[in-house]
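Naming follows writing order (A, B, C, D, E and F), and every chain is counted from residue 1.
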Amino acid sequence: MTLHCLNSDAGSDLIERLLGWLDAGDAVLLLGPAANVARSTHPALAKLLAGDHRLYALDDDLIRYGVSPHDHRVEALGYDAFVELAAAHRKQLLWR
Amino acid sequence: MTLHCLNSDAGSDLIERLLGWLDAGDAVLLLGPAANVARSTHPALAKLLAGDHRLYALDDDLIRYGVSPHDHRVEALGYDAFVELAAAHRKQLLWR
Amino acid sequence: MAGKPLIWLTSAPYAGARMRAGIDTLMAFAAFAQHPEVLFSGVGVLALLRRQAEPDRREPSLRKLIDSLPLYDVETIWVDAASLETHGITREELPAFAQCLDAAAVKSLLNGASHLLCY
Amino acid sequence: MAGKPLIWLTSAPYAGARMRAGIDTLMAFAAFAQHPEVLFSGVGVLALLRRQAEPDRREPSLRKLIDSLPLYDVETIWVDAASLETHGITREELPAFAQCLDAAAVKSLLNGASHLLCY
Amino acid sequence: MRFTLLVLGAPDLGGANGHALGFSRALLDAGHELGCVFFQDSGVLTALAGCEAAQAEHDLRSGWQRLGLEKHASLYACSASALRYGLGDGSSSQRLLDGFQVRGLGELVEAQLASDRVLTFAD
Amino acid sequence: MRFTLLVLGAPDLGGANGHALGFSRALLDAGHELGCVFFQDSGVLTALAGCEAAQAEHDLRSGWQRLGLEKHASLYACSASALRYGLGDGSSSQRLLDGFQVRGLGELVEAQLASDRVLTFAD
């Protein structure tokens, strides 16, 4: 069980690579510029939502990047829940 | 007349954007990791070669990234020729 | 040399300091009466988003800085329309003095500039 | 904890110092007998290319460092096969002790590791 | 649960360095243990003394320092990176901020061995 | 022809900072003029004193210094960036390498006005 932290809104190539390595029980957390992917109008959001993994975004970054409202299928998290998420997944990968 | 310096091998999105802004008389120079695009087997090379602009690569970077041989349609340049190229184009854009 | 200097802002805001350095340069060019042009593209367009609230810290909002540009005689900011689409941003979210450009219009902006500075 | 630590190298070599930092970490883990695994993917695979000559400077070749890994008991390096395709690299160019992995094999490598460090 | 954090991002506003600080605080508040925070590559700029920055950026460095001085968190700047970025070998307080120490990669090796979780923070 | 170079990349091996140095040398060899090299953002690390690096990286800094000291090239570290990266205000040789000067963005404004070409070097 891996927590995939995505820290870039650099385009679909990176997201395709992340999805290719995503395994059952993994989760994805949008950090930094990737928070922007949580807007309902983002063309890459649908790809990230497909599949049965959970998709989260750091609430600080949703605010920072002015993503309001964010798509309701993305769960906003504070740092306390980020820690819980990290504790619940044995490993973390950072994509940027 | 703009010299487009490409300094990244990050994927096709960046190259698409560069090509979208390329104008008649512009040239493209591959620098840094982008030197790798000059290998004949690179999937993005054909896109960069289409059109009637010239395509160059810095010889130092071809050596640095082990691109040998490079595709014969890419012209290898030293720093002296890089300076001439910059002098021959009124402006430079750096893509990375 | 004809034309005005163009500051091209294409780095991710709030991730590294390059976008901020570019905006500093833009404001210095304006303060020295160079009448700079500015073009946002790529992930740089994220700097244009307005925050609904401020994060709990004294972190400056780039959008607020950008909103102040007309005070420095930067009357228009240019935005690459294709980049807005890539990042899912609608024109309504941009400052009122932002103008979206298609690729042909970007080319003529680039061609008309005296110099380009790339951030 | 079961498994060995895995160093994931995914930054562009010779552009910023992150790839070099990751290789330093890999060698330190090997020197401290951690038997680290290493996985190259994305633009990080460019670090695997052999130079035909050396640029006219005392710049270390990462491939030479990588070739020395078996001396530090790193017997295999793992390479994401899809990334090789993206960057137009053929398997013949890789060190003999490199092994290419498809996505399923990468997943099981990640799952088997004790910890991941991402460079 | 015991965490080790690897921080590769410079102390720029709003980036990964700040994420690592927010995460560190939250994990201590939740009663977890922080094995160490290992700063490497441009992350070591966090510990460089004599930087004058905007208030919010100053807050980032002083936030780390408080974590080191008040919560006794082990904040290690990688020695190889420290030399490259002008922090020296850790002997000069003109170069290294209070609360941080310069340590070799062996420290990261030991920290991860003793940790349940290792997370990387980078832009 | 007169050139101004904007260098945003840190003095890492094999990157944009080295491209800018190679380009500067070649333009002087070709009889062109170098208005100034303006280091900004992490580019100012080029001018940070007290960094100990691998030989080749040391060569990069000393290459710039030679350009400044022997060829009288104007090597300016942006003052805002210099403060952020611990170079100070330019008054201390403990912080700023010989051959470089700390200057405000106004210097970049003037340099580009007087230049035929402006090029950016960044990773």
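Note that a contact is a pair of C-beta atoms (placed from the backbone, for glycine too) under 8 Å apart; a residue touches a chain by one contact, two chains touch by 3 or more.
All values derive from a computational prediction rather than experimental measurement.
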Q: Give the chains in contact with both chain D and chain E, ordered by label.
A: A, F
Q. Touching chain D and chain F alike: which chains?
A. B, E
Q) What's the call on chain E versus chain F, same or different interface residues, using the half cut on shared numbers? A) same
Q: Could you give the separation in Å between the centres of chain A and chain E, each centre being the mean of its C-alpha atoms?
A: 24
Q: Could you grab the centroid distance between chain E and chain F? Build each centroid from C-alpha atoms only and quote it in angstrom.
A: 29
Q. Could you say which residues in chain C touch two or more other chains, in rising order?
A. 12-15, 17, 55, 59, 86, 115-116, 118
Q.
For chain A, give me the residues that contact two or more of the other chains.
A. 7, 10-11, 13, 32, 60, 64, 91-92, 94
Q. Going by the touch rule set out above, which residues of chain E reach two or more other chains?
A. 10, 14-16, 42, 84, 116-118, 120, 122-123
Q: Just spell out which pairs of chains touch, all of them.
A: A-B, A-C, A-D, A-E, B-C, B-D, B-F, C-E, C-F, D-E, D-F, E-F
Q | Touching residues (chain side chain B, partner chain F) in the complex | A | 5, 7, 31-32, 58, 60, 64, 78-80, 82-84, 86-87, 90-92, 94, 96
Q.
Show me the residue ranges of chain A that touch chain C in the complex, using the header's touch definition.
A. 7-11, 32-33, 36-37, 39-43, 45, 60, 63-68
Q.
Give the list of chain B residues in touch with chain A in this complex.
A. 10-14
Q: Give every residue of chain D touching chain E within the complex, in rising order.
A: 1, 5, 17-18, 21, 24-25, 28-29, 32, 34, 114-119
Q) What does chain F use to touch chain C in their complex? A) 4, 6, 8, 40-42, 78, 80-81, 84, 104-106, 108-109, 112-113, 115-118, 120, 122
